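Two complexes, one shared chain (chain A), two partners (chain B, chain C).
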Partner chain A sequence: MSHDPSSLQSTLIILRHSLRIDIAAKERLITPVFFAAIILLLFSFAIPEQPPEIRSRMMVAESLLAIFFAMQIALSRTFEAERQDKVFEHLRLSPVDSTAFILAKLLHVLLVGSGVSFFTLLLSLILQGQDFSLVTDPVVLGGCLLTLLGLTGIGVLLAAITLRADGQQIIFPLLYFPLSIPVLLCASEALIQWLDTHKWDDTMRGWATMLIAFDAIYLTMTLLLGSESVDTDP
Partner chain B sequence: MFDKPRLSLVATIIAMIVQWLLAWFWVPVDDAQGDVYRIIYLHVPAAFAAFTSAFVLAVASILALRSPNSSKLDLSKAATEVGLVFTILTLATGSIWGKPTWGTWWTWDARLTTTFLLALMYGGWLLLHNAIPEGPSRVRSCSILGLMIAVDVPIIYKSVTWWRTLHQPQTILRSGGSTMDGDMLALLLSGIAIMVIVCLSMIFVRRQNIRLQESLEEKSLRGVV
Partner chain C sequence: MLKVQGLTFAFKNRPLFENLSFEVGDRSLIRIAGANGSGKSTLVSLITGLISGAQGEIIFDGPNDYRSWTSWIAADANGLIPSLSATANLEFWLRLRGRNLPNEVLESALSDWGLSGVWVQENLPISRFSTGMRRRLALARLDLEASRLWILDEPLFGLDDAACQKFRNNLERHIATGGAAIVVTHDERLMIGLDHETIKLGRQGN
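Right, the complex of A and B next:
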């Protein structure tokens, strides 16, 4: 006897399937990491050595930018496998709920992005000569996770709405870059404030609240509207 | 000669010219900034018109999302095009005002940056519209982006409060009343009202043009024209 999987089961099945594809085609995982490393190296060459008090700011700036660009690569390919397999043409007939599909993609990019971000942060610490304890600082980790949530939220939604666009590789960054700026701005200001003062003061609270607000807006929009985009035309 | 929307557009444009003449010759000069401040009678109304376009875009997007199979994007497209024009006008007039006041044409101030983002997103909407073939997919995708653009408007409006910026804080709608002189405020508010009506008329006329263009293209394909 067969039965339709619940939304949660569907989400987990699609997530597992997406991760399997990534592991099978390793370049999908390696490309964003490699790209992030190149950006960090370029920063090291382009910007002369800074005094120690500036280095933490530099680390935040270059890490966030490297994560941002690496995520752009990961996000623009979010639905690539499904598009090649013509999944969207069958989605209407399948028992898979399109919200579960979007949620699975969101979690998938978040998992890949977490790996990329951790690597980027680590490499940036080495290149900027910072203390390794920053990797275990819960505020720094929380800030990176919130940044990742915002970028993933907006990125998956944009990947979904540009799915059927001609020249998707061009249109996606044109929309992703401006819409991610509020997230990047709040994240960088909050992290710099924290690294400068190590105090949870009003300024820090203000930036963190705004970062959480943008994450909430973007994630809600993705979950509410993303499924609309992947629905097949009648 | 003119139908009603075009007549209202002409009437509001005449009202706008009268308002500008009053801005030049009637309201007093500002103590601190001198005559350069008079550009606010174009800059602030243009910004409100850009916001109005985003509001129209949001409403049109919600309506289109509710019935993507039947709706067309003519109203959304008209609102986006008009919104882009007014956003560019806002940026240009702000820049012209910024040079003598701040000493620079452009600075990465929060309000300037978020307004620039609004212009980029309006441009992005038009690119997306052109990149997707006609059909429900295009209606859905463009409508979702339209809603995202509308989300940017409150951020722009509140940016001077949330971020420490070079741009002056809110002077019209603020707790404790406006900081502006009564005559200046009255003229500015009437300017905003006129520009919003101009904006809505432009959207309406442009929508008619888009519909006309579509029907001509359809007839041309069928070999009628």
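Right, the complex of A and C next:
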């Protein structure tokens, strides 16, 4: 007699399985990385040499832009495996808590996004001739992680809502683009402020708080509404 | 195990069935029959909970979550991830049911269904499988899930004669050992010699 796995076990099983699918179909990992690299290369070739203070701002802008579009590609494929061969219906009829399913998808996108973001940040530092110590700066890393959390939160929610929609490829970006703007604005303002002043002042604190607030809202909405949309009839 | 009481369902104002009632107990085998478009797959979707909106009641009588002791196979799909191998697929679906079976058991179940060899079992993504091989894999998963209630929509789809016979033997053994099954099938040969009840759905208002 077997026992149903706990929610945590289900989350880990689905997460492991999602990573396994990524490894089996390598282009799912390569495409976002490749896309981010192209954006950064285009920027570095198209824009002439700038003074150092502009270069750090350029780095923030192009990195966030590259991460944003790379994430859009990764997110639009989040439920690709589940859309085939009634896999999603089989998941619904397995003894799996829908919140565990959504949480696993969140963690999966977060892991993939972290890899893409780290690569993007590194390449951007090289192309903009910035100090490599920025890669180990906890504020820069924290800012990137918070940005990623916000983009992942709203992205997974929208991907779950549009999972069974016929025009998913059109609807998803139409909703994802405007809703991710607050996260990107807060992140870019906070990071630029930090790179300019290296001070944790009121302005910096204000942007960081707003970024955390958007993350909290989006992640809560995803866990509540995402699992709801998974359970609902098509 | 399962009680369906006074089930009425209409699709876009077209009644598919009205006041449908039946019970599934231990050792029950129910065949759902009817012409194309008569609502057989819809009835299965209602029973499993994939769709709602019907009047009447569907009551599962068993321990915990009914999904722990029911297994489902769709008519036109197998619920398998195309980029993964047969064993990876089995391992995933069985783990979600708390069944962490050793590799030898998975390989043995696959071999029983004619999916033998390391290449077929572990190296080949199932996107390269034929229709019949995918169905065999779905049926191997059904065996390993060891559920009490099978809800199967056209389980013989794509199978050759030998596999059809094997499935029939498995179904007979499942019922004999206290299990139950609801089977949608057009193929009457499957039911020959098996004690069963037939629910025939017909177009209403025609």
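Methods note: the second predicted complex is superposed on the first by the 230 of 234 C-alpha atoms of A that agree within 3 Å, B and C clash if a C-alpha of one lies under 4 Å from a C-alpha of the other, contacts with A are read in each partner's own complex, and residues count from 1 in each chain.
As a convention for this text, a contact is a pair of C-beta atoms (placed from the backbone, for glycine too) under 8 Å apart; a residue touches a chain by one contact, two chains touch by 3 or more.
As the structure is a computational prediction, the values presented were derived from the model and not from experiment.
Of the two partner chains placed around the shared chain by superposition, chain C is the only one that A:96 touches, whereas chain B remains out of contact.
Of the two partner chains placed around the shared chain by superposition, chain B is the only one that A:206 touches, whereas chain C remains out of contact.
With both structures placed on the common chain, the touch criterion links A:17 to chain C but leaves chain B unconnected. Contact with chain B, but none with chain C, is seen for A:171 once the two complexes are overlaid on the shared chain. Applying the stated contact rule after C-alpha superposition, one finds that A:162 touches chain B and leaves chain C untouched. When both complexes are overlaid on chain A, the residue A:135 reaches neither chain B nor chain C.
Of the two partner chains placed by superposition, only chain C is touched by A:25; chain B is not.
Taken together, the two structures place residues 233-234 of chain A in contact with chain B in one case and with chain C in the other. Taken together, the chain B residues at the contact with chain A in this complex read 65, 68-69, 113-114, 117, 120-121, 123-124, 127-128, 131-133, 135-138, 140-142, 144-145, 147-148, 151, 155, 162. Interface of chain C with chain A (complex): residues 48-53, 64-65, 67-68, 70, 72, 74, 76-84, 88, 92-93, 95-99, 125, 146. Considering their complex, residues 2-5, 10, 13-14, 17, 20-21, 24-25, 81, 84-87, 89-96, 233-234 of chain A touch chain C. For chain A in complex with chain B, the touching residues are 157, 161-168, 171, 174-175, 177-179, 181-182, 206, 210, 217, 221, 225, 228-229, 231, 233-234.
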